[in-house]
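Across the two complexes that follow, subunit A remains constant while its partner is subunit B and subsequently subunit C.
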Partner chain A sequence: MKRIGRGIGLSFYGTGYGNGFPDVSRAKVRLLKDGNVGIYVGGTEVGQGARTIFYQIGSETLKLSSDNISFITEDTSLMPDSGTAAASRQTYNTGNAIKIACENFMDRLREVAKRELKLNSTQGLKVNNGKIYLEFFPRKVISFKELAQKQKGNVIEAEGEFVAQTVEMDSETGQGAPYWPYTFNACGVELEVDVLTGKVEILKTRFAQDVGRAINPHLIEGQMDGGFAMALGYVLFEDLNINEGRIKNQKFSKYLIPTAMDMIDLENVIVEDPESTAPFGAKGVGEPVMIPIAPAILNAIYDAVGVRITELPATPEKLIEAIEDSKEGRVVKHG
Partner chain B sequence: MIIKLMVNDKMVERDVDPTKRLLDFLREDLNLTGTKEGCSEGECGACTVIVNDKAVASCCVLVGQVNGDNILTIEGLEKNGELDIIQKAFIEKGAIQCGFCTPGMIMSCKALLMKNPKPTVDEIKRSIEGNLCRCTGYTKIIEAVQQIVEERCNNE
Partner chain C sequence: MIVHRGKTIEEVIELLAKYKDSKIIAGGTDVILDIKDNKIFPEALIDISSIEELKGIELKGDFIEIGAGTTFTEIAEDEIFEKNLHGLKKACKLIGSPQIRNRGTVGGNIVNGSPAADSIPPLLCLESTLIFESLEGIRKVKLEDYLKSKYRIKEHELLTKIRFKNPEGLLNFIKLAIRKALAISRMSIATLIELDEEEKVKDIKVASGSLGRYPMRELEVEEFLLGTILGEYTVDEAVNILQNAMEKRLKGRPTLPYKKRAVKSLLKEALNQRIRSSRRVIS
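Here is the complex of A and B:
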């Protein structure tokens, strides 16, 4: 016999290191010899799309096509540190550092252009599409390329540093503002529990993620799809089975992660509410996508068969035992 | 033992221990490192290559077993500098994240499309069931193959 249940899960998640810990990202921007712009940043691309986002933020800030930007990343001998690709912090923290470095770089460009164009001041100098020009007299113009050639040995470059604002919690009361910013996440699922076998099948899901501003919706969807799959395995089947310090399920034939057959059509909803301290309003979405899914599934199981599972994974064995106990009126914590 | 086989449309002849795994033969002897080693026991699909039109886990095949056979690896898909339609669809749909499962995943999709040019969603899912991916949740991978099928249907 199968029973249908529905559940929701809501969460909020602070990105970055938090709790007053120094959370610093740095970036360096340099005018290259060929007139292109090099952005040097330590932020690591691990498939999440950091490089794409960095390109977008750099290109948008410099008002320059990404074809004219070279990203030089992941080499500590060439660039300042941008912290770890962890804590869902690269878009917000390193994105901010890149934006600040690009703005500082544009100030440097204006100073050099002022000298080259024999102007009184940097007032009214615009940087756009690889050129620096006087907005109200655009004939006063110099391109990045010309500027690069004229500098000879002198390098035009600027650095940017972003330090996230977080406050250490009071160890006595637990009060404080340990993170900034937070992202907000919601998931609803409808599922079916087979009362005889304990098998859970997800029928439908709708899954929403607050992203501040979606500067690359395609990459966000990728994070949401992947986060859902990881959560599905975490809730229903993944079990290291540690016994006296040894992992017993040490193979993929025993430690089951979701396959393509386990996935259902996801309805992803991207919620945009630009964050004022973020680069173009964008917040991190790596980890937070996964958080509301477990409670949504466990609440739906409760709705379907009236039992609370308090330890993951909610395996068929655990579910059947819990259902049997509830029939006999025993109140047992299933974990 | 002298082994003769076709790899990516080229005849290869090597004196090699026949008990060497096909995966190691490809990576070490032929320097075709696009094929990845994951679990080494046929569970994850990262090492998938096509042997005589069938997707196989190259970690579970010995090179002596494929003597005289026709092998296709991820390196053999690009033709005259142009990517295969599956590679293009993967890029367009964003079906790649960390990329470790991607060569094996693409070879499984290739084997499917070689024998079934217009698979259903269920057939696509079944064909990549043996390829584990931790990043994408498979959604965009399935969509990439669906896109190829849709284009084929529209061009008829």
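Here is the complex of A and C:
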């Protein structure tokens, strides 16, 4: 005996440290001896795709193929601080710092090129594809490589710093605008509840995620799939089973997380509405992608069998107990 | 700890007689965990994983013999279990993950003795016989009796074969687990059903996993269903009988209310087969 239900969950999430806390990202860009460009940044790759995004932002700003860019990351002796890979802040905050550093670096390049090309001014100098040239007289040109070779001992480099705008909340009233920017999403789930075994099977999911601008749609879809899978475990399986302060499910044979077989193909929708303060309009999605899933699933369970589960995980046993209580007219909070 | 790799059954039973405190290792999917968790401290490990005579599935007249060292993957992929014996294939396919199924053996599943061992309920329906060998000779025991502790494997014995008659009926297996892979059965039901010309139950075997201290035949359910037509009323009544049996067996267990309700789904699904016996044609 199976019942089908549908539910949706919505969320909005403020990225970055927020609440007046100083939120600073820095980056440094340097012309390397071989004419390639080194970007030095403290942003940490933890599997979320930060390095790829940083390459893309650097490459786009410098108008230079990523083949000619070296990323030097995760070594505090070589680079300035970019804050933590947390709060879904690397794309927006460190992305901005890289963009600013690249722009400052291009200004430096124009100044050095002005001298090397014996020009009066930096006006009309374009930086593109590893070359600096005068737009209306392209024969006046010097490549990054030539420039690097001529700078005996002089390093051409520039730094960039991005300080996010965050406002501390009123400590009395809790009112204010603690975060900027916010990321929005919505998830709709259709599922089946077996009213005898209490097993929940997700049938279909449509998941819409606002991203500002999708710098890398594949990575965003990866984040959405990952957020859903993580939430699926959180809602249906993951149970520490704490008994008098002791964790009883202390290994992965007991603390169950979903396998590939429990996951379904999501219908992901990427919503783009560029954020004016963001690098190319892009906002962070790392944490937001998990948030609307649990309410969507629990709402769909309610739609299917008429019971509200208020403590996670919604195990088959808990669900059966709730269904039996609701039949007997008992008002019990399940949790 | 000494580890011996046996090459023949003969060599292994001699080693078993030599080392009083030894443990047999085949796939190691249970033994290794027990050693790592400091649950067992054997003096010697006797590895039987490379003994060819313990592997494979053989048709001998009306009987099928499965070597105790046959892996779950080998059972699941053997075409002998494609037709009426599909329930055994299904049970083996639902165990663990591909890695575990490639290592774990049916013999290990039986002697490890978990109430949730997935291969046991189908083998119970088939009225399997276990064949043990030791220096004292050969011992045969019905799987059903074996599980009732008294006939369990002795220190110096090696389980070599599982043997059963190729039945006329259709074998089915249903498992309930929290997730779809790598999950231990919460409970399981296997059925072997043969219908006559009038769709009446000519022969039936029902076995359960995790509904007691060990997997077992559900004789009261079998008795009730014999000679009936598997309609809505009879199936509901069979569920009642099983629930009452569970009530006696699992009294006081906190999992009983849930299991009682969920078993309805499992037994119904296991009995829901209108397909007549389709015994594999043996050429």
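To be clear about the criterion, the second predicted complex is superposed on the first by the 335 of 335 C-alpha atoms of A that agree within 3 Å, B and C clash if a C-alpha of one lies under 4 Å from a C-alpha of the other, contacts with A are read in each partner's own complex, and residues count from 1 in each chain.
Operating definition for what follows: a residue touches a chain if its C-beta (ideal position, glycine included) is under 8 Å from a C-beta of that chain, and two chains touch if they have at least 3 such contacts.
Here the structure is a predicted model, which means the values were calculated and not measured.
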Based on the superposed arrangement, let me know which partner A:228 touches: subunit B (first), subunit C (second), both, or neither?
-> first
Looking at the overlay, what does A:316 touch: subunit B (first), subunit C (second), both, or neither?
-> second
Considering only touches as defined above, state whether A:218 meets subunit B (first), subunit C (second), both or neither.
-> first
So, A:1: does it touch subunit B (first), subunit C (second), both, or neither?
-> second
In the superposed arrangement, which partner chain does A:259 touch: subunit B (first), subunit C (second), both, or neither?
-> both
Looking at the overlay, what does A:196 touch: subunit B (first), subunit C (second), both, or neither?
-> second
Quick one: classify A:46 as touching subunit B (first), subunit C (second), both or neither.
-> first
Considering only the touch criterion stated at the top, classify A:237 as touching first (subunit B), second (subunit C), both, or neither.
-> second
Indicate the residue numbers of subunit A shared between its subunit B interface and its subunit C interface, in ascending order.
-> 253, 258-261
Of all residues in subunit A, which touch subunit B in the complex?
-> 46-49, 218-219, 221-222, 225-230, 251-253, 257-261, 263, 266
Mind listing the subunit C positions that touch subunit A in their complex?
-> 97, 176, 178-184, 186, 255, 257-258, 261-262, 264-266
Subunit C-touching residues of subunit A, taken from the complex the two chains share = 1, 194, 196-199, 237, 253, 256, 258-262, 315-317, 320-321, 324
For subunit B, which residues are in contact with subunit A within the complex?
-> 39, 41, 43-44, 94, 96-99, 124-126, 128-142
